[in-house]
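Chain lettering (A, B, C, D, E and F) follows the sequence in which the chains are written, and residue indices restart at 1 in each chain.
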Amino acid sequence: MSAEEDKRLTHLDAEGKADMVDVGAKADTERVAVATGCVRMAPETLQAILAGNAKKGDVIGVARVAGIMAAKRTSDLIPLCHPLALTKVSVDIEPDEALPGLRIRALAKLTGKTGVEMEALTAVSVTCLTIYDMAKALDKDMVIGEIRLEEKLGGKSGHWKRGERD
Amino acid sequence: MSAEEDKRLTHLDAEGKADMVDVGAKADTERVAVATGCVRMAPETLQAILAGNAKKGDVIGVARVAGIMAAKRTSDLIPLCHPLALTKVSVDIEPDEALPGLRIRALAKLTGKTGVEMEALTAVSVTCLTIYDMAKALDKDMVIGEIRLEEKLGGKSGHWKRGERD
Amino acid sequence: MSAEEDKRLTHLDAEGKADMVDVGAKADTERVAVATGCVRMAPETLQAILAGNAKKGDVIGVARVAGIMAAKRTSDLIPLCHPLALTKVSVDIEPDEALPGLRIRALAKLTGKTGVEMEALTAVSVTCLTIYDMAKALDKDMVIGEIRLEEKLGGKSGHWKRGERD
Amino acid sequence: MSAEEDKRLTHLDAEGKADMVDVGAKADTERVAVATGCVRMAPETLQAILAGNAKKGDVIGVARVAGIMAAKRTSDLIPLCHPLALTKVSVDIEPDEALPGLRIRALAKLTGKTGVEMEALTAVSVTCLTIYDMAKALDKDMVIGEIRLEEKLGGKSGHWKRGERD
Amino acid sequence: MSAEEDKRLTHLDAEGKADMVDVGAKADTERVAVATGCVRMAPETLQAILAGNAKKGDVIGVARVAGIMAAKRTSDLIPLCHPLALTKVSVDIEPDEALPGLRIRALAKLTGKTGVEMEALTAVSVTCLTIYDMAKALDKDMVIGEIRLEEKLGGKSGHWKRGERD
Amino acid sequence: MSAEEDKRLTHLDAEGKADMVDVGAKADTERVAVATGCVRMAPETLQAILAGNAKKGDVIGVARVAGIMAAKRTSDLIPLCHPLALTKVSVDIEPDEALPGLRIRALAKLTGKTGVEMEALTAVSVTCLTIYDMAKALDKDMVIGEIRLEEKLGGKSGHWKRGERD
C-alpha cells in the first residue's frame, strides 16, 4: 500500500457512494482463490462430532454441502459482488485436536473478469455457521475464527499469497 | 453438559442421519440472541474506512444492510435451520483502534418456537464478509474472527450468557 | 403529519442508523393492503398485447404470476421489510384504452404483526416490469407509473384510504 | 414499428405460448442500459429524508444498495429474463425540490448476448420501493412514477435513446 | 369428488384467473404430509452409489440435504403456494434392489393454516433430481418416478391416506 | 459403461467427498438437453383442467412459467450443479387422454462448459409440481412420473439419445 491512489476503496466512486465496480474491460483469465477458517470448541464437542461422523458422516458432510451451495450465492449476499459462473468449488474440513476444533479450507475457481476471493471466504463462513448450528445443542461456546484469504491466482495482480509482500 | 443424553447432536436422528428437528411442540416465546465478531486489519485500512465513512458512511452502511438482509436468509443458507418470521434485526459496527479493526454486534428477535442464534451469527458473518469485500483492494490480509454467541433469551433453556455456567 | 414525533423515519433508530424495527410487541391482526399502478404504451402495443392475450392469455397471465411470486419475496428485496407469511395475494390487470395501456391492482393479506403495503406495492412493480419485458420488442417507450398505495386495513393505524385524511 | 413482423411479441412463440427466447446465436457485445424513475412525496417528507440523510445518509444509502442487489436478481423476478453476468450496476438518487421528491437513475452493463434494460429498470423499481418503505411512516401518499428506459447501447439494435426515432 | 362445487380448481377465482387463495380464516392446526418417489437405475449404478455410500455416505447424504433445503423453498418455486414456517422436514432414502434403484420418502410438518403436501412433494422431487445429478456420469437412463402424496393429516379434510376413499 | 474408470461417480473426488467438479478446462460449446415427464390423474381432473384451460389458460400457463423460472434456479437447488447462463428454456404441456393426464417436455440451451440436463429435468419437475398444486383440491391421487432425459447435444459426449447405445 504505497501510492495514495491505491488507498481508494474500490467500491466507492469518485463522489464516495457505493457501486458495483465496472469489470467489463478486464480480461477473462483463470482465477483461483483459497480461504481458510476454523471453529474452536470443547474437546468433548469435537469428539462427539467425530464419533457421529465416523458412523454417519453427517455433521461434516452437511456443512460441506452448505459451504459449496453458499459459494454459489455470494453475489446474492454481498451487495457489491458480481454474479459469477464458478467453474469449481471445493470445501475441506479437518479435525485439529490441538485447536481443539475443525479447520475449514475452501477453493473457488472461475474463468472470468473478476476474482473469486469472496466466493471462497463465503464458502468458509457458511461451512463454519453450519457446524455451529449442528453442534450448538452440545456447546454454545464454540467460536468461529481466523477466516482469511490464503492465496489468490489470476487477474492483474497475479499471484498473491498470505505472508508474502503484496 | 452433564448428562449423556445432552450430548447427542440434535440434528442427527436415532439412526444418525441429519434432519430438521421437530419444533412443533415447542411454545411460542420471545427469543432474543446477540452475537459478535470482528474484522482485524492494518491501521491504515481502518483509517481509510473511517475517513470514507466520515464523509459518506458507505462501507459501514452497506455492510450493515448486508448483515440485516442475510439474517432474513439464514434458513436458505444453513441446511437444517427452520424458516423464521424475525420481528427485529439490528447490526452495530464500531471501530476499535486497539484491534485495529471493526467490531460487529448483531441482535435478532422473534416470538416463536425456536431460537434465533443462527440468525444473529449469520448477520455478523455476512457483515464481516461485506467489510472484507469493500476494503479488500486496500488490504487482502484482513482476518475475520471471534464470531460467537454472546447471549440468548427465551425458550426452554432460559437465559444463557457467555462465560456463565450452562 | 402534525406532531414532531411522527416525523421520525421509523427505520432510523435513535442514532440514525437503519434497522429492521421491532414489531414483536404488535398485535396479530388481519392486515390488508391494496396498491395500484399502470404501464403506459402506444395504442398499437396495447392492441398487440390484447390480441395475443385474446388468443393465448400469455402476456397478462405471465405478468400476474410474476407479481404474485414477487409479493412473496418482498423481504428478500426490501432491506428492512420483515419476512411475512402472507395468507393471500391477488393481482388484476385491466386494459385502459384511454391511457392507453394496462392498469394493475394488487391485494395482499396477512394475519400478523406488521402491514403488507410493501408486499402489495412489490407485486404491482414486478407485474409492471414483466409487462415491459414481454412487450419491449414492440415498444421501448413504455412508461411504468403511478405506483401507489390505495388502501390499508388493520394494525394500530386502522383504516387508511388514499385521499382521506390520515 | 413499421413492418408487421416487428409487431410480434418476442416472448410468444409461433403457437402463442410464453418462452425464454433463444439468444444463443447472438453476438457477445458490450451492452449498457440506463433507466430512470422518481418518488413523489410531500415537501416535509423530502426534508425529513434529506435531514436524516445529511446526518446519517441512511435512507438514500439503503435504497441504493437495495437497487444494486435487485439488479442482480432480475432473472429471478422476471419470468422470461435470461440470467446475466452483469459487469457493472450503479444507482444514483438525487433530490428534486420541484417534484418534490427523489429522482433515481440506474445504469447496468454487460458483455453478453442480450440487453440489460430489465436490469436497469428493476434497479430503479426496487430503489423506489425501498424509499417508500423507509419513509412510509411519514407519508403513505408517496407515488412511484415515470419508470422508463432512457438509453440503450449494444446489440443488433445499436444505440437507442428515448425521444429519438427507433 | 361428489358435488359440482368441489370440482372447481381452487387456485382459479370466479373469473378463472390464477390467485394465491385466501387461507386467512383457516384455523392453525398441526399439519403433516408424507410423500414418496423413486429413482430407477441400472443395477450397476445402484451398486456404485451404495459402494460409494458405504465408504463416504455422500450421494445419499447430499441428496437428503438438498431435499430438506428445497422443502423450505417451496413457496419460491410453486407460484401459488403460501410461504410457511415449517416445523419439521425429514427425508429418507432407501435402496431397493428389486426396483432397482432408490426409494425416497419425505415428511413435512407445520402448525398453520394450510397443508404441507407441496413441501413434502418438493422435497422428494429435489432429492430425486440430486441423485440423478450425482450419478448421471454413470447412467443417463435413470428415470425419476412415482412421486405422489401418501398421507396427509390436519386441516378441514382431516386424515387422508392414498388408496382409502376421500 | 465399459471401463472401470467410467464408473466413478463424478461428484465424488479421490477421497470420496462430494465437490462441484472443475469444468474450467472444458470447451464452450452449444449444449442442448430435452427432458420429459408426466402427471397421471383421474379423467375428470384432466377434463376440469382442460375446461378451465380452454377458457382461461391458467393451470397450464402458470405451470409453464413455474417450470421456466425453476430452470434458472437449478444451481440454487441442486448442490453440485454449476451456475449457468442459460440462453433458452422452453416448456410444453400436452394433454394425453390415454394416460390420462398431462405430458411435459422441457428444452434447455446454453453455450458453455457444462451440460444442461439438470436444467431441463428441473423445469419438468417443477412444472409437474405446479400442476399438482393447482389441481390437488380436485384430486390428491395424481402421480408425477417418468421424469427422464430424452436427448442431449454438445460437449465431449456428443449426441446422446435415450434408447440408443451410449
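Keep in mind that, in the parts below, a residue touches a chain if its C-beta (ideal position, glycine included) is under 8 Å from a C-beta of that chain, and two chains touch if they have at least 3 such contacts.
What you see is a predicted model; the values in this text were computed from it and never measured.
*Asks:* Could you tell me which chains are in contact with subunit B and with subunit E alike?
*Replies:* Touches both subunit B and subunit E: A, C.
*Asks:* What are the chains that subunit B and subunit C both touch?
*Replies:* Of all the chains present, those in contact with both subunit B and subunit C are D, E.
*Asks:* To lay subunit D over its twin subunit E by CA atoms, how big a turn is needed, in degrees to the nearest 5?
*Replies:* That rotation is 180 degrees, given to the nearest 5.
*Asks:* Taking each chain's centre as the mean position of its Cα atoms, how many Å separate subunit D from subunit F?
*Replies:* Centre-to-centre distance between subunit D and subunit F: 32 Å.
*Asks:* Any idea how many Å lie between the Cα centroids of subunit A and subunit C?
*Replies:* Computed from C-alpha means, the inter-chain centre distance equals 37 Å.
*Asks:* How far is the middle of subunit C from the middle of subunit D, if each middle is the mean of its Cα atoms, in Å?
*Replies:* So the centroids are 16 Å from each other.
*Asks:* Touching at least two other chains at once: which residues of subunit E meet that condition?
*Replies:* 17-18, 56, 58, 61-62, 65-66, 69, 73, 76, 79-80, 83-85
*Asks:* Between which chains is there touch?
*Replies:* A-B, A-D, A-E, A-F, B-C, B-D, B-E, C-D, C-E, C-F, D-F, E-F
*Asks:* Which residues of subunit F touch subunit A in the complex?
*Replies:* Listed in rising order, the residues are 13, 17-24, 75-76, 79-80, 82-85, 112-113.
*Asks:* If you look only at subunit E, which of its residues touch subunit F in the complex?
*Replies:* 1, 6-12, 15-18, 37, 42, 44, 48-49, 52, 55-56, 58-59, 61-62, 65-66, 69-70, 73, 76-81, 117-118, 121-122, 125-126, 128-130, 132-149, 152, 160, 162, 166
*Asks:* Under the definition above, what is the set of subunit E residues touching subunit B in their complex?
*Replies:* 30, 61, 64-65, 68-69, 72-73, 83-92, 109-111
*Asks:* Provide the residue numbers of subunit C that touch subunit F in the complex, in ascending order.
*Replies:* Touching subunit F: residues 56-58, 61-62, 65-66, 69 of subunit C.
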